[in-house]
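Across the two complexes that follow, subunit A remains constant while its partner is subunit B and subsequently subunit C.
Moving on to the complex of A and B:
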């Protein structure tokens, strides 16, 4: 049985690697964060057992939280009720996409556990499993689930939509576009337009993609706000890549009017502000940034640019480092982009950042991933490392002013 | 070293209050889970020889039926009604409605299980208990019956009278069981055809015909990517280049043929029709599905309004006009195929689409109302199946879609071409004359050219399987189970086990998920159970 043996060996060596990496990075954090910070870190010793060390925030009781809680209660009474499990899982997945809190993904998975590993997994559970796996950056298995889902039921629009989005994230634009064709026949309107525009904006046809989105978003037939949030985000990011920063900013503002806590939109808007040197605006935007690491990273980046450096900066940076450490212990890949950015911009270790950015590029190929790898290659003085991204840019005809500038700076 | 350790513990404590979020942009959850309603609606002047003065209606429900759908197969809703509404006055309101209502009759067929002296008679948990023939359906354990009312005036308040069987005056009709497989139904076609009724229609001097039953899904659409990628990225490719996504699916069809003279109001030969399904909520009927023109619900109406559309009536269709006058599909097609030079029409509002979808074609089947219905001029001579053009009116065959809709009309290709501007000038629609196609072909010669036109359903056929038989000691189905001996006869695809081993209730567990039980029969002390592959 050679396969299991080699698999076990791989895991063992992976664990060993993770451990040594952990020790290395831990040592570096101390150096990085500076003696002054370390000197201030004194152990907290509770005086007695009744002393409160930290209050865990209670979940906000907004309408969607209440809906989720009620769905949970109904499911608890009937944990094997497929309809109730699907309902709860959908709400939890949606909550994660807004809050950026993957504990909701765990809850969704737990709700679906009676069917999760079954060979005859119901098709609707299969689609949700694919969605959860993609949110955990397990794109390979997510795509396998979604492929099977559309084979079983070619009329499942959600499966086609998620499949197209995942293929776009992994840089496979031709297949992402193909998945939009059945979607167009099943789910007309903004949702399929946005899915197709998403691909066009990444694949050399950004002007047309933006024009279609602009028209669709001004249509009097107002669709669901989730669809608008998604479409405005796509238009905002595409506008930013085309150098139309005022339009991009307007889009992000519209998104945040519709969904003030949307983690992805907050991150995208903060990136724009940071590019524009508006660190103070970015820090203000992310005042609630501690709730998700993607936001905390940008907050720390903004704080690092402010003078005087805000007092929370060291804590935020230290906190981020700890999050990445935890991630290594868990063996998850969700952090690779953020960790590479952390190493590059905060730890100022371009070589380590480059390694992470290269690992990340294997999994995820959004423009931000391309930009990160080019920036790491530039700062690490390793032009060869930029080659896969440059080849990708040539092949996909991606239009991105920042990427173009970086490419020029990498040329001899 | 000690300080480092403490620092990291502190970090981890702090870190517990943030969470790792995915960094990529995810697709949103779609509000409703949209499905191709699949339910399809057809209306055409009958092209079966000698029936040119009749109109045939086909309303398809329960789409996406896999042939291996056991053990209960696909039954129509009994807590509601299916209706075909007809507007013959051009006011977008129904003036004649055919209302189908279904109910089930359980026959409680039981088989003696166990050896002589230790036999228990158990009701079978299956739809069938033996072979079913056109002349003998006594082995059918569950029978679906239905009646059909013809309602004149408003469908809820008008005058309702029953259609009757011309042979015996009965108002009760039977839906043949689904095509369970060749073993149970050795000649399904003859069996199913024995449920085609000649019916007397209230107030109509000429009888019509009626059939309700499972059919091969007649709708043809390409929703997959299991075909050549070049074709996929080329909507101008060959019209038969790709696979029909519904090729292996069945559907349940309500088919009714009515003399045209009993449908029109005498003033205009044009009728408009749609089909709805409604459920009882208390004593009220609440409409949950509506279909008239093909693809309107799927391709034109936005997701946000799908539920509203399904609950609506044509007379209120002004609320959906924006979807037709400002469709999103052409822009989407340009996005997907812009690199190949495809351009969407530039004129808004799209009055050309209003004619196709909302008013009818002037001089052919236009009515006064602006509403989404399937319209038919009952005086247009039907074209024999061999001479039909599957692109209908846009290809010069005025007896085809959108002057009604026949099974062989390729409405997906027609809709693609029309939304891209087939009926517009080139300056308004640069790509309007391109032969757009989804690549999945449908033509009239793919169907039978006699009532009920749609083809018999695909059969569930048994294959050899690996199974385990367990016998239960107690009379209840709760376990524990004991392994027992059995043999599998591949020639008959049946599992044979001896009932002489004592226990009195049998359970078959397949090693392959989705295996269905076939027909149990008892011969001496042996129990034989047919098996069907998933």
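Moving on to the complex of A and C:
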């Protein structure tokens, strides 16, 4: 399958991607980079000295941001102190999930760099490496790290949990379920329950998965709101797939009450609203979401459906195009799903979108990826391209009304 | 689905569970595609024949983590705060970017700091200018900003020269890269601009003009019986001038080529001094003629010296070997055109004035004396390495 500029293998093995290859493909990107650089505004000199240029933490008294800074200061004094490095890396990974800012992943990796490539990498660093790689969509290497981590220490709940999540994202539900067994034994509670329920919901047992989540969430004794956020998000997405849109919406609203800035829940809720044709609601929901690609994409999608088209729409699509191009130059491959969606729905290039969706399908196989590939295949009039997804759906018994509808539209 | 068994939780896992991180990682687990604005800096380098400008965009969030910008610790970075940290920002940037030509650094001078709003936040825009452009058209960039605190930091370079653009990505694995302005240089400096440079060099290089004039002034006269007489027919005078100009051209082409090809490169200062001396000698020869009929020999001999002078001017155009032939030819062509233009203006004037009484006395002798005087000044300047003449 020809890729637009670099082969799939290059994307998949980012670490091995040599610079010389990059230089060869660079010519292709020169024109694109021109767009990328041009998409930026002209540099200016602010007229008012008190003009706020940047917000480096969400709240002035954000305790965890201060904690992270303290950790960094201590680490910079002793960069080879394993305990300090692990502490900083954990805090940084946490910040990534809260802020949706993957900068923190790079910071975490830098903190762990003295041990990162070592043959005798400490087990705790190994787990963190797996988590960082997973968050960067390097699922293959993440899984290798996590396999080794649980082999070294079968009682490491975090390793089992992350392993289960990677396997679920890549569509390997049987192994994901198996990873949930030791997790449930090591760390009983809402987390392990939700991890297992998530697999069930994807693997043909959605009713039971939802029931388990509902029961667990109805128990007011669950202390940690973060755990509830996660469980509600899983329930909301499963409900949406089952066509229970009011329940799904209620779940997402609960999540946003608990965590108003939760990037993933905002995206999932916006998807639901877009499915329902509520573009104005989606645009309103995401009005503050320009920083995260996934949210900016959905915002632009919503804007494209509004009449009159909002004045910011052109800027938002330009920014998206610029960011995808930057990602290519950087050698990232985390944005394939978004880029395929962009090509399909905003750039209206179904053939290019299909290629990206196919590349993406090799790396991740969540319901959204399946849906994207089917939609691309339909619009590109390439039924053959849909075959892997249809086979996957048959094999996993996934329950998803949108996927079923798309499958029907693909039937002759 | 497995029902969790209520077993005692190992203490380490309890510790994990107790921390917010455990759930954070869980959420991260199912939210792999949230946002992808990893740390990226943008470098734009404009390489021109005469200067090299660098514009560097660094995210304020990156600078905050690297050196600290939020001086009042309120989570907001204002323009005032950025300005108050300007020296630190500048020092950080300059310590993390090294432009070199064959391991000799090009020194970057800070010009200005502005702000740009990219899609993912505000960036400080730093503008620098190198103290000189890379002479050979090759230079290396050693980039080291932020890699120590962010393994996923990347710098995207756009290198503009003429209408050509190169791009590169700096990573912790490839922080040091070389760039050639080479093949594309013809785009940067077109052939016509070499010709223009050649013409300009003759017209603004008064030493060449005066040398030429010193040779041409007696062209319409003959030295007979210890005095200058006007030639009767224009034709032999023209032949005489053509001989001089041709000899001068052939000679300077030889040395210009030899010097440009790197075969010979005498020190510029001595060449400049020798050129001044040649002007003095040519002018004095008009006053007290030593070489008479075969003044083309003088033109040839001194043309050799002037050629080295042209070569120094050509080198100042910062041309690299890839374009040498073209630039050499173009520059030389320009020199000839400029020279012929001078001849074309001078000869009709000289021919029409040659029979007048004042021509030998005023034009030739007084003119030559002036030329000799000026050139002596140059000679002294160049020998002593001082500057007092305004031209």
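Brief remarks on what is shown
In the analysis below, the second predicted complex is superposed on the first by the 350 of 412 C-alpha atoms of A that agree within 3 Å, B and C clash if a C-alpha of one lies under 4 Å from a C-alpha of the other, contacts with A are read in each partner's own complex, and residues count from 1 in each chain.
The criterion applied here is as follows: a residue touches a chain if its C-beta (ideal position, glycine included) is under 8 Å from a C-beta of that chain, and two chains touch if they have at least 3 such contacts.
Quick caveat, the model's predicted, so the values are computed rather than measured.
Once the two complexes are laid over each other on the shared chain, residue contacts for A:331 go to subunit C alone; subunit B is not touched.
Look at A:154: by the touch rule set out above, it reaches subunit B but stays clear of subunit C.
Contacts of A:46 after superposition on the shared chain: subunit C is touched, whereas subunit B is not.
Shared-chain residue A:65: touches subunit C; no touch with subunit B. Once the two complexes are overlaid on the shared chain, A:174 sits against subunit B while remaining clear of subunit C.
Within the superposed three-chain model, A:215 lies in touch with subunit B and out of touch with subunit C [touch as defined at top]. Contact with subunit B, but none with subunit C, is seen for A:120 once the two complexes are overlaid on the shared chain.
Look at A:93: by the touch rule set out above, it reaches both subunit B and subunit C. In the superposed model, A:107 makes contact with subunit C only, not with subunit B. When the two complexes are laid over each other on chain A, subunit A has residues 26, 30, 41-44, 54, 57, 90, 93-94, 96-97, 100-103, 131, 134-137, 155-158, 161-162, 164-166, 169, 177, 180-181, 184-189, 191-193, 195-200, 205, 208-209, 212, 224, 226-227, 229-230, 233-234, 263-264, 267, 290-296, 319, 322-323, 326-327, 332, 334-335, 337-338, 364 in contact with both subunit B and subunit C. Residues 26-27, 30, 38, 41-44, 54, 57, 90, 93-94, 96-97, 100-103, 118-120, 124, 131, 134-137, 150-151, 153-158, 161-162, 164-166, 169, 174-175, 177-182, 184-193, 195-200, 205, 208-209, 212, 215-216, 219-224, 226-227, 229-230, 233-234, 237, 263-264, 267, 290-296, 315, 318-319, 321-323, 325-327, 332, 334-335, 337-338, 364, 366, 368 of subunit A are the ones that touch subunit B when the two sit in their complex. Taken in their complex, subunit C has these residues touching subunit A: 1-7, 9-10, 12-13, 16-17, 19-40, 42, 44, 55, 57, 60-62, 64-65, 69-70, 74-80, 82-83, 114-122, 125, 147-154, 156, 158, 165-169, 171, 173-174, 177. Those residues of subunit B lying in contact with subunit A across their complex are 3-4, 6-8, 10-15, 17-31, 33-36, 38, 64, 221-226, 229, 232-233, 245, 298-305, 322-323, 326-329, 331-336, 338-339, 412, 438, 513-514. Interface residues of subunit A, counted against subunit C in their complex, comprise 19, 22-23, 26, 29-30, 33-34, 36-37, 39-46, 48-60, 62, 64-65, 72, 90-91, 93-94, 96-98, 100-103, 105-107, 109-110, 113, 116, 131, 134-137, 155-158, 161-162, 164-166, 168-169, 177, 180-181, 184-189, 191-200, 205, 208-209, 212, 224, 226-227, 229-230, 233-234, 262-264, 267, 290-296, 319-320, 322-323, 326-327, 329-332, 334-335, 337-338, 364.
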